[in-house]
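Presented sequentially are two complexes of chain A, the first with chain B as partner and the second with chain C.
Coming up: the complex of A and B.
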C-alpha cells in the first residue's frame, strides 16, 4: 500500500475490498451485497478478510470488532476500517 | 522470567530440560511436573507472546524453528507448545486490551494452558459442539464434556469453546474451578506423555470477563484463527519428527554393517535416506513460507498453514515409517526415537484438521486460485 490513513478515504477502502474479493473469491459484487447470504465466505476466507483489513489499512481488528455484522458487506467492512482509524470517513 | 539463559537461548534450555529422557517419558506416559513448569515459566510454550507482556516475543519463523527443535527431542513436549501457543494466540486475537494485560503475562510466565474444542459428538465437524456458555448476570455458566484435550492433565487453565447464543464463544476455565473434572485418556497411541485428557464441565460458574471477545461469532470464525496457529505449530513439529528420523537413520546406516558394507551403501537403504532428506527439506520450506506469511500478515497465511500442516503430517508419517524400516530391530522398541516418531507422526495426520479435512480445505483453495 502506498496510501496512508491520512490520504485514504472510504472510497479507496471500498475499491480495495472489491478488488480483493474479485481476486480471492472470484466474485464481482456490489458494496452492499450480503457476502454470507451469498455463500462467499468460507471459514478460511473469513480469517483472510480480517488479516487483509489489518494488513492493508494498518488497523487492528480484535475483541469487540469481531462481529459478523462488521464483515457482512463491503460497506460494513469499509465503515469498520474508518471507525478503526484506517481511513478518513 | 527468572532464568536469563532461557531468555537468550530457549533452544538450549529445551535441550537441557529434555536431555535423553524423552524415551522414558514416552514409556511412562508422563512428563515430570517440574519439566512442564520449567518450560512454562521460561515462556517457551508460547514464544510469540510479545516482550511487553513478558513473553519471548519471537517471530513465527523463529518460533517455528524452536518448535521443530523441541519436536525433534520430544513430540509430547512439543504438543504442549502447540496447545499453549494456541491459547495465547486466542487471547491475543480475540481478547480485549484488558484481557491481554491480564492473561498474556501469566501464559508467558508459568501458567499452563490447554485448548478444548472436541467432544464425543463433534470432531471434524465442530458445528456439532454441545457445550454451552451461558450468561447469568455478571457470571457465565459453562457446561459440557470435552475430549482428548492435549495437555489438560498439566493445565492450570483450559480455553473451552462452546455454544453462546446463536454462535460460539471461548472461555478461560481454571481447572481448579468447582465443577471441572479432568480425566486422563489412558494409553494414547502417540505423544504419550502429552497429558491428553477428557474435561468435564458441570455448571462451572465464572466471572463473565473470562469469556474472550468475538463471543457470538459463528463457530468456524472463532476457531479458524486458533486452529491456524495450531496447524503451523504442528507442521513445524512434523519437521522436528523428520529431523529426529534423519539423525537416527543417517548415523545408524553409516555405522551398522550388513553384507560386508555399511547399510547406507545398499542402494535400497540409500533411497530411504534420500527420501527422508527430501521430505524434511520440503516440509521445512513450506513451514518457512507459512511463517513468513504470518510475520508479514499476508492473508495467504491461512491457507499456507493448512498446506504446511497437511504436507508435514503426511511426510512425517511416511518418513517415520521409513526410519523404522532402516533401523529395523534397533528401532523397534517403544521409547526409541523412531518408534516414537512412527506413533507420534500418525496422530499428526488426525489433528488440527485430519488429512481428509485438510484436503478439502486445500481443494477449496485450489478452486479459489485456479478456477
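Coming up: the complex of A and C.
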C-alpha cells in the first residue's frame, strides 16, 4: 500500500501504528493506551517509534517535538504526524 | 588546551559510541578513533540515532546544537584533544597498547581516562606516558541516559587530572561518584558476580531469566534485573570482565559459568546482536 501525505489521513496513520505495535511489541492496544506507563515497551523502543514515524510518513521529528509525551499513545503519535505534515488531519 | 578542543574517544564500540553521543549532545566536539573503518561507519549512524534517543528521553538538552564529530583511523588526530577517553575492548594487553600509543601523541597535561569495566586503574597506568594524568571513568550504558558515573582515582592520579575530568563530566551533565582503585571498583566487583550467579541459576534450571529479573525488579525495586542488565552490557563484555576479576582476585565465584560462555560463543551477545538471555527482536 503506497500512500502520500496528500492522500493519507489521520485514520491511516492510526491504523499503521496499531499494526506496527502489534508486530513489534506483540500487543493490541487502544489508541489512547499509555505505552510507557503501561510497561508495554522499553524506553529504547521509543527510538524505534521515532524512526518508524520518519520512515513511514516522511516526516522529520526534531527539536521540541523530540519528547516522550509525543510517543506515549497512538493518538499522540498520530497528532504529531499530522502536525508535521505527514498526513491530513 | 581550551574547553573548545575536542574530546578524543578511542574505540567506537557500544560504549565509545555512547560516550561520543553524550559529549556531542552537550555541544562538545569529538574525535572518535577506531582501527576499523566499517565500525566507524556504523558508529556515525548510531550517533545520529542516539542523539535523538537522548533528547527524546530527556538525557540530553534539547536546546543545544550538536558538537562536531570527526571519525578517523588515524591516532595522530587526537593531538589537540582536551581529554582522552579510552574505550577499547576489555583486554588488558590491548588497552595498554592503545594507552601507550595515545599518551605518546597528546600534549602533556591532557587528562586520560579509561572506561574499563574492571581492570584496576593503576595496572593500566603503567602503560601511560604520565601515570599521574590517568584515571578511571566508568560510564554506564547508555551514558547519554544514565547520569551517574563511577570515577576511579588510582594511587598515582594527581589532583589536577581528577579536577579536570570532574569539570568535563560536569559539562556533559554527569554526576560523578569518586571511589578508590581495585579490580571491578565498586559497581562491577558486585554486579559481575551477581550476573554470573543469576546465569548459573538459569543454567541449573532453578529459574527462567524472566523469573530471576522479576524478583529483582518486583522485590528489590531494581529498574532491570541482573540478566536484563547483562544483555544491555553485552555478554561478551560480561565474560571478559569476569576473567579480569577472576585473574586478579583468584575468587572462583568470578569464573564465567558455562551458559554465559556458550552464549558468547554462539554470538548471543545481548541487545547489540538482538539476542542474549532475551530476544530483542533485531538490533536496536
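Simple rule for what comes next: the second predicted complex is superposed on the first by the 88 of 89 C-alpha atoms of A that agree within 3 Å, B and C clash if a C-alpha of one lies under 4 Å from a C-alpha of the other, contacts with A are read in each partner's own complex, and residues count from 1 in each chain.
In this section, a contact is a pair of C-beta atoms (placed from the backbone, for glycine too) under 8 Å apart; a residue touches a chain by one contact, two chains touch by 3 or more.
Computed from a predicted structure; not experimentally measured.
Visitor: Given the touch rule stated above, what does A:43 touch, chain B (first), chain C (second), both, or neither?
Guide: A:43: touches chain B and chain C.
Visitor: Mind telling me which of the two, chain B or chain C, contacts the most residues of chain A?
Guide: Answer, by number of touched residues of chain A: B.
Visitor: Who does A:66 touch here: chain B (first), chain C (second), both, or neither?
Guide: A:66 sits against chain B and chain C alike.
Visitor: For A:24 in the superposed arrangement: first (chain B), second (chain C), both or neither?
Guide: In the superposition, A:24 touches chain B and chain C alike.
Visitor: For A:52, decide between first (touching chain B), second (touching chain C), both and neither.
Guide: first
Visitor: Pick out the shared contact residues on chain A: the ones touching chain B in one complex and chain C in the other.
Guide: 24, 43-44, 46-48, 50-51, 62-64, 66-68
Visitor: Flag every residue of chain B that touches chain A in the complex, lowest number first.
Guide: My answer: residues 92-97, 99, 167, 212-214, 216-218, 220-221, 223-225, 228, 296-303, 306, 361, 364-365, 368, 371.
Visitor: So in the complex, which bits of chain C are touching chain A?
Guide: 49, 52-53, 55-58, 62, 145, 271, 281, 284
Visitor: Applying the document's contact rule, which stretches of chain A touch chain B when the two form their complex?
Guide: Residues 24-26, 42-52, 54-55, 62-64, 66-68.
Visitor: Spell out the residues on chain A that touch chain C in their complex, using ranges where they run on.
Guide: Touching chain C from chain A are residues 24, 43-44, 46-48, 50-51, 61-64, 66-68, 71.
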